[in-house]
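Listed next: structures, encoded as structure tokens.
There are two complexes below, and they share subunit A, which is joined by subunit B in the first and by subunit C in the second.
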Partner chain A sequence: MDLEQMLSYQWAIMTPEFIILGIATILSIMDLFMPKNQDRKILGWIAFTAIIAAFVSLLGLVDLEVTSILYDTFRLDSYAKAFKLLLLIGAALVMLLAISYEPKEGMKEYKGEFYYLFLTALLGAMVMSSSGDLITLFVGLELLSLSSYILAGIRKKHLPSNESAMKYVINGGISTAVTLFGLSYVFGLTGSTNLTEITGVLSANFDTQQIYLLGLSFLLVFVGLSFKLASVPFHMWAPDVYQGAPTPVTAFLSVVSKTAGFVILLRILLTVYGAAPSGSSTASYPMLIKMQDYIALLAGATMIIGNVIALRQRNVKRLFAYSSIAHAGYLLVAIAALSAFMFDAMWFYLGAYLFMNLGAFAIIQLISGKSDNEDISAFAGLYKRSPILAVSMGVFLLSLAGIPGTAGFIGKLNIFMGTFYVDPAHYVLASVMIATTVISYFYYFGIFTQMFFRPAASDEKIKLPAGIIVVLVITVAATIVFGLFPNLAFDFLHTSFNGFSDMFQ
Partner chain B sequence: MNLMLALIVFSPLLGILVLSLMPKMQESSIKLVGILATLPALVLSLAVFSQYKNGTELFAYNLKWDWIHFGMSEGVFEIPFELGVDGFSLIMVVLTSILSVLAAIASLHIKKEWKGYFMLFLLLEVGMLGVFVAENLILFFLFFEITLIPMFFLIGKWGFHEKEKAAYSFLIYNGLGSAVLLIVIMVLFARTGTSNIDVLQQLLTADAGHARITDNVKMGLLLALLVAFGVKLPIFPLHTWMLRVHVQAPPSIVMLHSGILLKIGAYGLIRFGMGIFPEQFTSIAWLLATLGVVNLLYGAFLALIQKDFKMVLAYSSISHMGIVLIGVGALNEAGIQGAIFQVVSHGLISALLFFLVGIFYERFHTSEITKLGGMAKGMPITAGFLLAGAMASLGLPGMSGFVSEFMAFLGLFDAMPVLAAVGCLGIILTAVYLLRAVLGMTFGKAQREFTGVSDISSFEWAPVLVLVALIVLIGVYPSVLSEPLQATLETIMLGLGG
Partner chain C sequence: MENAWIIPLFPLLSFLFLLLFGKKLKENSAFVGILLVGISFVYSLIVLFERFSQPTYKAEGTWLSIGDVQLTAGFEVNQLNALMLVIVSLVSLLVHTYSKGYMHDDERFHVFYAYLGLFTFAMLGLVLSPNLLQTYIFWELVGVGSFLLIGFYFYKEDAKKAAKKAFIMTRIGDVGLFIGMILLFWQVGSFEYDEIFAAVETGSISTGMITLTAILIFIGAVGKSGQFPLHTWLPDAMEGPTPVSALIHAATMVAAGVYLVAALFPLFTASETALMTVAVIGAITAIFAASIGLVQTDIKRILAYSTVSQLGYMMLALGSAGYVAGVFHLMTHAFFKALLFLAAGSVIHAVHTQNIEEMGGLWKKLRVTGPLFLVGTLAISGVPLFSGFFSKDEILISAWVHGNIALFWLAVIAAFFTAFYMFRLFFLVFTGEARKEIRNVHESPSVMTLPMVVLGVLAVVAGYVNTPWFGTFLGDWLVEGNEALGHGHVEGPAWIMIVATLVSLAGIFLAYLMYGKKSLSRDWLSSRAPVTYSVLYNKYFIDEFYELTIVNITKFFSLFLKYIEVFIVEGIIKLVVEVVQTFGKTGSRVHNGQVQMYGTVAFVGLAVLFVIFAVTGGYFG
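== the complex of A and B ==
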């Protein structure tokens, strides 16, 4: 590749990524040269500004035609744009949480890393959602994973934090290996790592003798990626890691990392397995349709395991880990149904989940705060201590439970639409989803019981840092507004991205 | 565009707004605002009612705004924000707004955290009113769920000693009920592209039916509806949660719960079950009538042996809801009219009885029958009203209970005489258990001194008088209900092919 060709690429489409990369680099250098005892919070604010700048520049790119550079390895189609918007909003809110995060011990010396590692993780997630090639995909995945490993264990002198990092690395390593193993079959069968080329090979003259190998690769890739989604069978890490990791990191894992996982999962499923035949005759269904049952099975298992085990949790972050597993299950239902509403449903649900879950984590961070008390009883009497916090938490919990009037309800409604719209309708899967939703009332309302019915242990007023206030205002407003007027979001999605029709171009 | 219905439904929100700005400790002004905030809905709904009586067509009040649409193109999968009433739902709206005012007055007995209480109370009222004016199923579901959350808190925070258990039991049973309801709604919506009740009615009952909803699916949906509303009504054996709520929730809330919320089940069965799936409904009518008789007898027998007056009333509610099922199951005009009458009549009677429970609970901190014995000596007026309420409940001619039971059984005797004969036993049992309980309280052996206990006083007069007056009015002049219902009944009968 010569210089001329390098320059001929439309590098502009990577502006958001460049901003994040550039600021992350600058921050790491600044951190080196700043005096030891100087407050590092300023770095956090710079990082926040960078994310906002990236967001704005991405908005500027929304109307752009689908473009790909670097031999099709990096592509900016509407699918990537829509989901990157979510990633950036999520990361910006997480960054605000991180700025307001002040644990008891073990963080002072690593404050700088704390901020720019979020940026590199975000960069990984963005590259993942824009990748048109298995190699970029993997690079993004690893960048996200490695940054997250360090972030989970960043409280060096805090034992649970160390434990969580350890478990995360080991589980992550295994899942990466499984994913790669699955992808290697794809490469072996098609001779390419480029998604578009793979699609071409698979849909044109694919040797049907090798279908079972491809089916095996499907299961391996799906199972491997379920690590990022925190869905069955790779969900076991979530409770321990969520509990031990610093709260902003937990929030990041449950929202940004999960979103990135879904983005890449869906892209691989649709491009590779949506093109592959499932039988020897030419008129057979794509393999993805055949595999629906397996996805549905895993979705059902995820919802049941997540919601049922959450019933027994006393630790709030552990409880939210299982809740996050359950929500991954709901999202998998949308994929399993493969209906016309799938993109809408996933995008909206991930967005709604982003707001309600980050809002809840903001409050968890505030309540567990300096005392490191993460028991559910820390919420006791919150209504007396701070009515505003209690009511905001109430909004998030109602939304997570899918009560009408909140964004979470519309999200669930949309997923339901999909399951009943297709023929044959997925009655069983939908019933499992709704039954487990009712089960989830138990634990979400358990927090309500603490906040509103139990007396407070202390009358100490809770001080609200500026960052948390901003997060709460945005998340509460978004949860309610998108719950009452969801078409604000749907219309934006439809007018700007036109149903992701350019995904396969 | 007529904003009337929207104003009725959302007027309590104004009260919530005012309350949220008030300081926590101003007890009397909070209570005042709470009561005042329920008045606009009453005034407006009475205005609509009287205009309707004077000949205004009800569709003049219909309201429709664009709200949500799913999918890429407009026109399909729309959920507009549409409100409207017919005779039946208008009566329910009026009943709701009357009982809300009275329950707000009964809430003067509430002892703590009035601000939170009244805000939730008003939210509950929004939900209840909304349920009856919603013109599409998704909006119905939305309001239906809105009632769930305030009820959970009102029971769990202001109830008696086992309040939290009762609140959870309420939440989970009703949560499951509404989950099943949501499945029905979403299947209909996803397969037909509309959730408007009238449109669905036309689509599904047209000769060819709807291609994407087969008869088997319809049957499944109807049975699911039966379960969903059966939890709410409640139909035996889905009733246990309701006993807990009746006993543990504060009496002012039980007035609404037993007066309105249970009736949503009956409303849903008649409006959706009968309206959308008439053919299938006809084929399971025997099941409904049987369930009705079972409810009637089961409730009556168990009411016979209860020690706590609140439990007597709880089982009596189950028993009386059996009459609704009997009327609906009869599938003829008399039966359905009887069912609707019973819905209204029981709403008024149970509100009266629970208001009286609130009165003596306030004074004696108990509702056990033996401990209240001899009450007539100390509180003659309260005891008198209690007797009046019991008479209405057991169906004394001249009071509303008689009209509804008479018509429901008239319908059933016409359709299924044997079952009706068995059911008649229930009427006798009703008289027995009510008289046993009420006489035990008023004239039984006195367990305590009643001197120094004030009889019914000041604000407590208003609800009692209003309720008794309405009960007698319906009893002696049933046309006050049957006239507005006429059009609705005709539509239903037409749908049933009769």
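== the complex of A and C ==
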């Protein structure tokens, strides 16, 4: 690659990534040279500004044709754009939480790292969504993972935080190995790491032996990536890690990291396995259609395990870990159904989940922050102490439970309709979804009763930091607005991204 | 009219505002509520007057598109909606005002007003809905409002129970409504009222399906409007504060069932069977509840049974193709029953008991409430020149003309019962001597009496908008431009009016003899026919019947589920917990045990998938 070729690339399409990378680098240097006792909050605000700038620059790129640079390893198609928007919004809100995060002990000297590691993690997630090659995809995945490992353990003197990081690293290592093993099969069978080339090779391949191996690689990749989604069978780490990690990190893992996981999973499934023939007598079906049942099986198991075990939880963050497992299950239902509007359904659901879950975490951080009390009883009498917080939390819980009038309801409705929209319809999966949703009412409304019908343990007023207020205003508004006028989001999606038709070009 | 959508938003604003800031405002919350609902009322009036001169206005937009299915949302102002808007917002406004006095000194004063706002919002949203789905969402929201308000005194065990019962009983009906709605959507491909009617008209739905869906939707109305056999929640709902009973359980929410049938009237008229079902259930409810009302002793319960009975009348009217009669009675009933409840609240406020046996001689002490209560009683009894007389007359004529002769006579008898039990109530409370020493009786403050005066005036004059003597203005307007709704006025034999008058006067006279002049023994019924008395007093043992059958079956079922939970679910959970704990014990020492377990689970999961893959040769089936 000579200079001329380098310069000929349309580097502009990487502007959002460059902004994040540049600011992350600058912040790490600033952190080194700042006096030890100086408040690092300013770094957080800079990081927040960087995310906003990246978001704006991405909006500027929305109308661009699909472009790829660096030998097709980095591509900016509408799929990447749509999901990167979600990632950036999520990261911006998480950053606001991080700025307002003031734990009792164990954080002080690592504040600087705390901020720029979020940026590098975000960068990893963004590279993942834009990757057109298995290599970049993997590098992005690892960048996200490694940053998250450190973030989980950033409260160095806080034992649960250490435990959390340790477990996260080990499980992450296993998952990476499994994913790589699966991807190596793909490379072995096709001789390429480029997604477009893989598609081309596979769609012409009808050797049943090779198809069989490809089937094995499907399972390996799916299970390996289910670590990022926190879905069965790679879900066990989530409760421990969520509980131990600092709350903003938990919020990041449950929203941004999960979204990135779905983005990459969907891209691999559709480009690699969506192109491969199934090898059975009805060869016209791509492999993905034939493997639906496995996804459905795991989706069902994820919904059941997540929701049922959540019933027994007393720790709020642990409870939300199981709730987040359950939501991964709902999203897998959309993938398993593969309906015509799967993209719409997943994009909307991830967006709705982003707002309602981050809002809930903002309140959890506020309630459990000072006292380090994460038991549900910490919510007792919240309505008496702060009606605004209680009502906001009520909105998030209603949305998470999928009650009409909230974005969560529309998201669930879309996925639900999708299961009936395909032929044959997934009745069993739809029933499991309904049943487990009903189960989820119990634990969500458990928090409800605590807030509204229990006497408060203390009358201490709750001070609202500015960052949290902004997060709450945005998330409550979005949860309700997209619940009442879902077409605002869908119209934007349809007009800007044209149904993701350029994904395979 | 283009801005009619804004009407429900004011009460919603009141709800949100009071929810967040009510605690600081304390009793000033009332002013916020009254002001905002007042604005809604003024707007509603404007919309109603605009609707007199302009055609139906409808605005809709795509709310949600799933695949190629478009769900719309919007609002519609037709005659029925415009009329309902005014009724709901007016009664709500008056109840808001009245409650300022009635709920005075309650610790959760602002919460009460917030709930009232929520309910009013939902009810106004319900009447503006142009399609079934939107109606259904508000329908449920109205139920939530009612649930919260019935259970307002949640520290009272009875109130808690009544709230739960109301919620569950109406939910039973809602399941019917939901199934009916989905069936209609499946048949028509739309939730829109207009498109449903168009499909009915062109005959693209089979007659059997029309009957089925109409009856399913009617089941929803049965639950909400407290019709037989789902009526038992309504009397129990009287555990809520009295203004709530006036607003929700007399004038608005319980009328929602009637409204729903009226809104879907073209669907019902397309099926004679469905109409007949509505008429029969209505007539049975009317006489059934009236007969229970004869012997009750709790002032609010008598009014509750009377509400059930009057709602039965409305259903009878609709079932007899008397669209105008049904809607007309809905309107007059809203006024005089709200008046009766508010007056009853004023009485309870003064004497602190609800047992009419313990009252008496209050006429002299309650100089305002007494006459107003009398006005309401005269109206509901169907005494000529009062509003109830005209609307009840319309219903009887409809039933007669439609050929429901048996139901007609049932309704006449129910009218007799109504006049009797209402005047029994009146004489026991206001005349004679107090049966228990009641001290410190004083008239309610003017903030409470003023709304009653307004309703009192309406209870008299509301009837004159639709009379056989001065023109059937309301009826003509209601059906204007829509032939499916029938005629503005149905001509009937003149003797019906005379019979109705005689019957109600006879009822009053009998009540006078027994409770006013006491020349007939009060214990006449209980001594001559103890069994009948006991059956009536115990409300036909309906609750006991439910207790024996449905509740026991449910209990059995839940017991069964409990065993499943104890032995299977708990077992599994215990197993999981045991496993985790076993690993946890070793893990806590070395601090890596659990992680191994997590990795193991992932690998075992992967292995299981591989095994399935290998065994099935790749794919299921």
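Keep this in mind: the second predicted complex is superposed on the first by the 498 of 505 C-alpha atoms of A that agree within 3 Å, B and C clash if a C-alpha of one lies under 4 Å from a C-alpha of the other, contacts with A are read in each partner's own complex, and residues count from 1 in each chain.
FYI, a contact is a pair of C-beta atoms (placed from the backbone, for glycine too) under 8 Å apart; a residue touches a chain by one contact, two chains touch by 3 or more.
In this text the structure is predicted, and so the values were computed from the model without any measurement.
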Inset, instruction - Based on the superposed arrangement, let me know which partner A:Asn487 touches: subunit B (first), subunit C (second), both, or neither? - result: both
Inset, instruction - Would you check which partner chain A:Tyr421 touches, where first means subunit B only, second means subunit C only, and both and neither mean what they say? - result: both
Inset, instruction - Return first, second, both or neither, reflecting whether A:Ser431 touches subunit B, subunit C, both chains, or no partner chain. - result: first
Inset, instruction - Identify the partner contact of A:Met236: answer first if only subunit B is touched, second if only subunit C is, both if each is, neither if none is. - result: second
Inset, instruction - Based on the superposed arrangement, let me know which partner A:Leu398 touches: subunit B (first), subunit C (second), both, or neither? - result: first
Inset, instruction - Tell me which of subunit B and subunit C touches more residues of subunit A. - result: C
Inset, instruction - Identify the partner contact of A:Tyr294: answer first if only subunit B is touched, second if only subunit C is, both if each is, neither if none is. - result: second
Inset, instruction - Pick one for A:Leu58: touches subunit B only (first), subunit C only (second), both, or neither. - result: neither
Inset, instruction - Tell me which partner A:Phe442 touches in the superposition: subunit B (first), subunit C (second), both or neither. - result: first
Inset, instruction - Would you check which partner chain A:Phe341 touches, where first means subunit B only, second means subunit C only, and both and neither mean what they say? - result: both
Inset, instruction - Once the two structures are superposed, pull the subunit A residues common to the subunit B and subunit C interfaces. - result: 340-341, 404-405, 410, 413-414, 417, 421, 485-487, 490
Inset, instruction - Enumerate the contact residues on subunit A facing subunit C in the complex. - result: 163, 166-167, 170-171, 174-175, 178, 211-212, 215-216, 219-220, 223, 227, 232-234, 236-237, 240, 278-280, 290-291, 293-294, 308-309, 312, 339-341, 387-388, 391, 404-405, 410, 413-414, 417, 421, 485-487, 490
Legend entry - subunit A partner contacts - residues on subunit B that touch it in the complex: 67-72, 77, 138, 141-142, 145-146, 148-149, 152-153, 156-157, 164, 168, 171-172, 175-176, 179-180, 182-183, 186-187, 189-191, 212
Inset, instruction - Give every residue of subunit C touching subunit A within the complex, in rising order. - result: 19-21, 23, 61-67, 69, 137, 140, 569, 573, 576, 591-592, 594-595, 597-599, 601-606, 609-610, 612-613, 618-620
Legend entry - Touching residues (chain side subunit A, partner subunit B) in the complex: 340-341, 344, 398, 403-405, 410, 413-414, 416-421, 423, 425, 427, 430-431, 434-435, 437-438, 441-442, 445, 448-449, 452-453, 485-487, 490, 494, 499
